[in-house]
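Sending over a structure as structure tokens; questions will come in a sec.
The first chain written gets the first letter, and so on, giving A, B, C and D; residue counts start at 1 in each chain.
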């Protein structure tokens, strides 16, 4: 897990077809550019023969030409990114439950979240006071009389200009349409209150109670067109027993949900998450 | 978790409709019979209003009359059992994988299993040498040319006379027919290599790999007519990451499977598992 | 784990020398008094031959006479308590770290803590704004020029009149004198940032780093005269690796600390914790 | 966690002072030598400014010259090793407890241990039958009338000619002298039945019981001159409660001990463990 990040830190991210000599070629460019590598992770997914690399370094001056030179050395179709190690800009969508939002707000207030919370947006108004306590802007976009399409247009009109890196669904209980999801490809992250793929859909704690499971959990994932089917980022579970009512399960689960969500934001904020088909490669 | 059991120990098990005064009434019978209570557990399932109680005691002499007297005090339909705290008699069904069987054999050989292994029965012959090492009888019931029905008849003909308390499927890879299951109601226990209800059915590790989950697990459950849908007894998970191939998942999962299975046998052996609809109540 | 508590709920707590017939005798008194038992837990510590029982029930009207009658039936020296199931009244002592306090404040604000936070008291002033955000009184009792004795006198003068059930040290970094501890016997609870008895005393994360451990954890315990030696209530750990700096350990540990602390308050609030010498018996 | 290893796999291990360009330099040598990198891990310990790298690759033909060339490019004092990915040769020392040994023998018998078990050596004779079941040579070196020195001379005379890569203490209950330890520097691995540094020394489960901990665990570590103070390789814990007697703790702990030990052997077998002072760097 990461060292504290200095303002001069850059993150290089590479995703390309695997072939011999990639690490040598890439580190050569960095070396010649005078970059000082802080940490380096590589992985080859044998099934798809794709190569993933994340390098954090200091002292990189001419990002554009370094990126170009690396790109030139890699196989066709390679995706190369060089990012300043800056906090990701995040908009949080919530409905009525406070626990994940409260956790994000506290961490944000004390500089522990990594990410910058631009705004909290909700289809309800009950969490306004909570956001106010931490001086983060709160927007109520009621869905009352609106069609799904109109409601999402209102969300988009509000969120679009903020230009967030990620939209985080911190217990946002409405399903987003494929159209909205397509506008933010791989940039919407959800926390689902079950260890997916168990208990897809609504009321997972009630489902878990009736199935009589002995563990419950939470899953963070990128949002895709398929409900609860997007690439999984993080999961965690806790043990249960027969004495837990559905309400007890929900209460216990809330602690797991917020832990998984804040761990996920930390990973995203540090650019540690790659997509590999419907799976994620995570350098932690 | 249990104290070592003395030969004079009895276990009282009660499952009945809840009503006031049950604990007082039941413990009164035990007290007057001169029984010395070692431990006592009760639970009321609020959804079904059923009362469950497990009491272990010493010094109980006239079991039959104690049982009768307790039965007389309880609501109609109450199930009362008084059992000597003796090792359960178990037949193990396996296919080709050794890891769960080896674990059971080692624990059995050193008196740690609790249960008594009567016999190992397999539809393959490759684990015979393993059973032989530990001097537990091994029976190969090939399914080669047999219909499912004929194969299960052969199994039944072999196992029936052994009169086991439980049939343990320690990686038995064939689906048992409702007819066979009905012959052993709530007495067949399976270890499934996923955290159910995720990844029901065949090849759960391959399913887990393709879904990109970050935890894998194992589940023990009673076998019912519905594949992988019977009441869950125990579950455990371990964390995964992107670097695990399906083979790596299977290898890591084997350790969880055998742990869950031996924990399950311990619970069954100590009469700590009650059924409550499709859920279990477990006093551990 | 607990059912939601109704306002008419009472908790009976018994701690006495073990002898035959205790459960029958105690439940008999409750039955005759018309109490409806919700849940019941008993445990006999075989080493000390002590009997512990916790019973929650509804419909208990004459507490005083029930208590007297139970007391009369039990061995000499028995401790019998009957408590209304009301939130415990808690004063929180903190120093400069916000994470445990923030967690308590959020849960308190949303009615999830169980306990009632009377006040936050600190030897520093930096957390005042946090308490203010949640409208919980904050008191700064600086220790600057004061002797330990004088500082603790000031604390006692402030806290005494609040008459809390528990004083919770939510990262209070000063050692309390035996005199102060004696004034609140078994009513001061501390969260220590290691899995005790590993890393007693100051800077446990630095100690953990230098020892190269692969797990870190947190421990809640009653405060006794011996530093970090009081009876342990709850412990939890998380895995570590070589890449964690002492700062990373501290950051990761904070999540465990607050989880352990809030779990501990839940247990105390529901009267689920008994003392048995320097050990605890916990009915959860 | 590792892919299955092919017979043509080599492992390159580098441990040296950190300086810019190391990864580029090392991967350049491998690239020019025609090696195909399978996986690559690097870590810089910021405290000591040491660089660690583990690279597994195929197609490396001239190991000696590759090693020489890499050595030439690295800072003075660099330790470079190139190893064939072959099973480590292991001698197991045991006393009277069977559970860790049984686990190693089962895994060995089914090709899952990675390591090759050369021999089991014990100061008692009771585990001979177990080793015999799995056809692994067993040697009884009684310490009865011998001085510690004479007993260790006998051990050394027996083990020395086997030339093991590692001596694994799988519940060997005698303390080894500094003289013996010095003969096998960083090549003796112990499993200790507590989460060190808690409960150093004898009878950790009894210690854990009396301290009233809520978790117990196991620790594998290299053996050094200081009892239970050597570098930690792996640790794992499980939750406990008040109902566990010392015997129950020991029984539950045995499952953790054998899991930690077999995980440790897997790490050692795949050359994933580096020493960094009294800490370990582990690429898993």
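Note that contacts are C-beta pairs under 8 Å (C-beta built on N, C-alpha and C of every residue); 3 or more make two chains touch, one makes a residue touch a chain.
Being a predicted model, the structure only gives us computed values, none of them experimental.
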Relative to chain D, chain with the most remote C-alpha centre: C
Chain A-chain C separation of Cα centroids, rounded to whole Å: 36
Inter-chain centre distance, chain A versus chain B - centres from mean C-alpha coordinates, in Å: 41
For chain C, residues that touch 2 or more chains besides their own: 3, 43, 46, 241, 243, 245
Category of the chain touch graph - line, ring, star, complete, other: complete
Chain C-facing residues of chain B, complex: 3, 20-21, 23-24, 27-28, 30-31, 36-40, 42-44, 46
Partner chain B, residues of chain D touching it in the complex: 1-4, 98-99, 102-103, 106, 110, 112, 133-134, 241, 243-245, 247-248, 251-252, 255, 259, 262
Residues of chain A touching chain B in the complex: 43, 45-46, 195-199, 210-215, 217, 231-237, 241-243, 245, 276, 278-282
